[in-house]
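Take a look at these structures.
Shared between the two complexes below is subunit A, which pairs with subunit B and subunit C, respectively.
And now, the complex of A and B:
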């Protein structure tokens, strides 16, 4: 078997383990599905009249508007949970088992990210299903839904890279867990839950340059109106940037961990 | 060719030199016991030999490959069972062995077959589909050992394989290690148990404060320390007379209580008949007699000035916490 095929099998096996680990540890699963679903229910139930505000983008319903934000939230918490799980592996010495195997060591990081991306995919499917069940239209049709799913999956991989880097650098699950509020701050300072046009300063300016705003708009557009090339490209560019940042930081943190043991 | 060659190996953590230029050689098919208290540098040395930690000085080769320059080849040749039994409590035993098989590059069908064989070998077939979190300490160590054997490694590294285990589980691990060695596997094991090193190891290296202070077969090391002595229980009041009767047969050692005589003898068991005859001729009744040989603990005391057993960690600086 070629080295590349073996590495692909290792990434697949570690990704599968990471998904099983998430399903078997409720504290990893609940932030990905339960928490964002509850928040979606509360927000659509309590702030649905927001769609009538002047400047609110034309949408079929507040639920339709909120789907992208909920997917983003679930995706970012999947990245955070992936980082926590990775740090737990380091704390209990499981990564030593992996580092002692004759595989490229970055395959260990990629395996973790594959699992996180799969959880992002699951979250996207879950919220699209909820939207459809409760009457939200996907204006971009099946291509629009597939685009939203692909963007969320890729974003999970990107955010997971940053989570993995922090886990590798600190080796501490509690440090990664401590980033949970930061995830929400980053999200609330984007257009995930509220239209940018209706924000006040300085949140409006921060949201304007927040890369997660570009991603959320790339996911939202196919849901509320249809696929738009500009938003899609901006989202892809933001995701690519975060992926490069995450992989770069992970590679550096991995080198550091191997050096210090 | 030796299975492991280490020359001037060093590892510093900041200002602390945890391993201070050690040299050792382990022959093919040998069991090498690396003995020392907590914090002596055993685990740090093993982590360097298994490519988990880069040395800061010296060199080491395992299975003919350099641990720094040819780390991947080293990892393909070795099996590693780590001290903390690095197992995911959420995985089942079967999942863990299959994952290990994938990590070692076995095709899926071969990995499944090998997992079944190994689970059978370590007596975990019935528990194979249970989560590892529910295993006992002994079961975890056996599973860890099985995982290390997936690819039939040339050299097996075991980091304190029986620490914290009950005597029965400890014996099971010893038997398995011995069986593996009988099949030709070289075994490098760290331990803080003298009995473990004595029972299993062909050669022993004693490490203290990052330095190897003695190396050799357990027998040779013990012989280095001195001759065995005979401990005679003769009853209170008979000690001076017994000491006089034995004076020409060996060196009378300072007594440890009022009714015992300690006599160092040159030829061990061969000297016992002469001692018994001398005491009989002097009319002294011997209530019990025991030949006491030097232990590895005596070797440790002779080489370091402190005891190994019962004082683990008391005399050596703890290894710095991992970052």
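And now, the complex of A and C:
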């Protein structure tokens, strides 16, 4: 069997393991599905009248507007949960056994990222299903839905890379878990939950330059109006930037871990 | 000999009080010795407070909003949310204590079950002042209205009682599942209880389904009672429903938690 096929099998096996691990532990599953769904319900019901504010973009409903934000939240928490699970593997010595196995080291990280991306995919499907069940239209149709799913899946891979890098660098689940509030900060300082033009300073200005605002707008546009090339390209560029950052940090952290043991 | 047997069967109220105070002191020591453990409980409501204010601050422009200051409107909600998280954390800590065998040692002591539960619940009430004070300080820095001394005392009373309700809920789940894996259920429960209310906007501006839920959720009265000093004046008419709701929740959830504690065998 060729080296590439072996690596692909390792990535597949480790990815499947990380998905099973998440489903078996409610502590890991809950942030991905339960909390974002609860917040989606509460924010849609509580701030839904916001669509009547002057300057709010034309939308069918606040639920339709919020779907992209909830997908982003679930995707980012999937990345964080993936990092926690990876750090637990390091703490328990499982990763050391993988390092000693005759498999490429990058496949160990990619396996974890494949699992995180799959959870991102699951989150995107979950929230699209919720939106459709509760009457939200996907204005971009099936291509729009597929684009939103693809962007969220790729974003999960990107954010998972940063989570994996921190797990490899620190080897501590509690440190990675401590980043959980940071996820909320990044989301609140983006246009995930409300139009950037209607946010209050300084959140408004920060949201304007936050790369996650570009991603969320790229995911939102196919849902609320249709596929727009500009928003899509900006989202893809932001995701690519985060992937490169995550891979760079992961590679450096992996070298560090192999050096210090 | 009979007197000794009686004492063993039913400790005096002084002994019970000493046990409650010892359990509260243990929780305080935990806070002092591991201050980092308190950070998530303080950070989460603070982030929510700052985030919600930044994101939904423009909602006050809607007709029907009681105030033009969203900071004042949302600050008491975040304080109650912090109390809910603190109560849930008391449940998580109890589950941890069970997993580590500490609860077994408490259960074989002569202390009645209700005393053990009371110690855990009152400790959570006391701890809830930490995140509430932190959020309030930030709210004042951002220009929240001064609620008056009566409004402030009432708000902190609501915070302490909400933490006690959250601790009863968390303790019930901790003793039922006997595992920290139930933590998300504890946290989600208190979060839903506090936020399925007129937390983000007045009742009239909520979506119909949430308005219907908020009208039957007893914690809505707690939110209104805690908020009244910040967005208007304190009145008895807006206070007693909150006190009644918390008393009812404490009785029901306290009884359920006590039932789980009595069912817990060593």
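Definition applied: the second predicted complex is superposed on the first by the 261 of 261 C-alpha atoms of A that agree within 3 Å, B and C clash if a C-alpha of one lies under 4 Å from a C-alpha of the other, contacts with A are read in each partner's own complex, and residues count from 1 in each chain.
In this text, a contact is a pair of C-beta atoms (placed from the backbone, for glycine too) under 8 Å apart; a residue touches a chain by one contact, two chains touch by 3 or more.
This structure is a prediction, so every number in the text was calculated from the model and none was measured.
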item: Fit-or-clash call for subunit B and subunit C when the two complexes are aligned on subunit A; value: fit
item: Partner chain in contact with A:171 - subunit B first, subunit C second, else both or neither; value: first
item: Subunit B versus subunit C as contact partner of A:193, first or second or both or neither; value: second
item: Which of subunit B and subunit C A:94 touches, first, second, both or neither; value: first
item: First (subunit B), second (subunit C), both or neither touched by A:57; value: neither
item: Between subunit B and subunit C, more extensive residue contact with subunit A; value: C
item: Which of subunit B and subunit C A:258 touches, first, second, both or neither; value: first
item: C-alpha centroid angle, subunit C to subunit B via subunit A, nearest 10°; value: 90
item: Shortest CA-CA distance between subunit B and subunit C [superposed frame, angstrom]; value: 13
item: Shared contact residues on subunit A - subunit B and subunit C; value: 25
item: Residues of subunit B touching subunit A in the complex; value: 13, 44, 47, 50-54, 72-73, 75-76, 78, 80, 82, 84, 86-88, 90-91, 95, 99-100, 102-105, 107-108, 131, 147, 322-323
item: Subunit B partner contacts - residues on subunit A that touch it in the complex; value: 1, 6, 9-10, 13-14, 17, 20-21, 24-25, 89, 92-94, 96-103, 171, 256-261
item: Residues on subunit A engaged by subunit C in the complex (per definition of touch); value: 25-27, 30-31, 34-35, 38, 41-50, 52-54, 62, 178, 180-181, 184-185, 187-189, 193-194, 198-200, 202-204
item: Residue ranges of subunit C in contact with subunit A within the complex; value: 40, 43-44, 47-48, 50-59, 61-62, 70, 180-185, 188, 191-192, 195-196, 198-201, 205-207, 209-211, 213
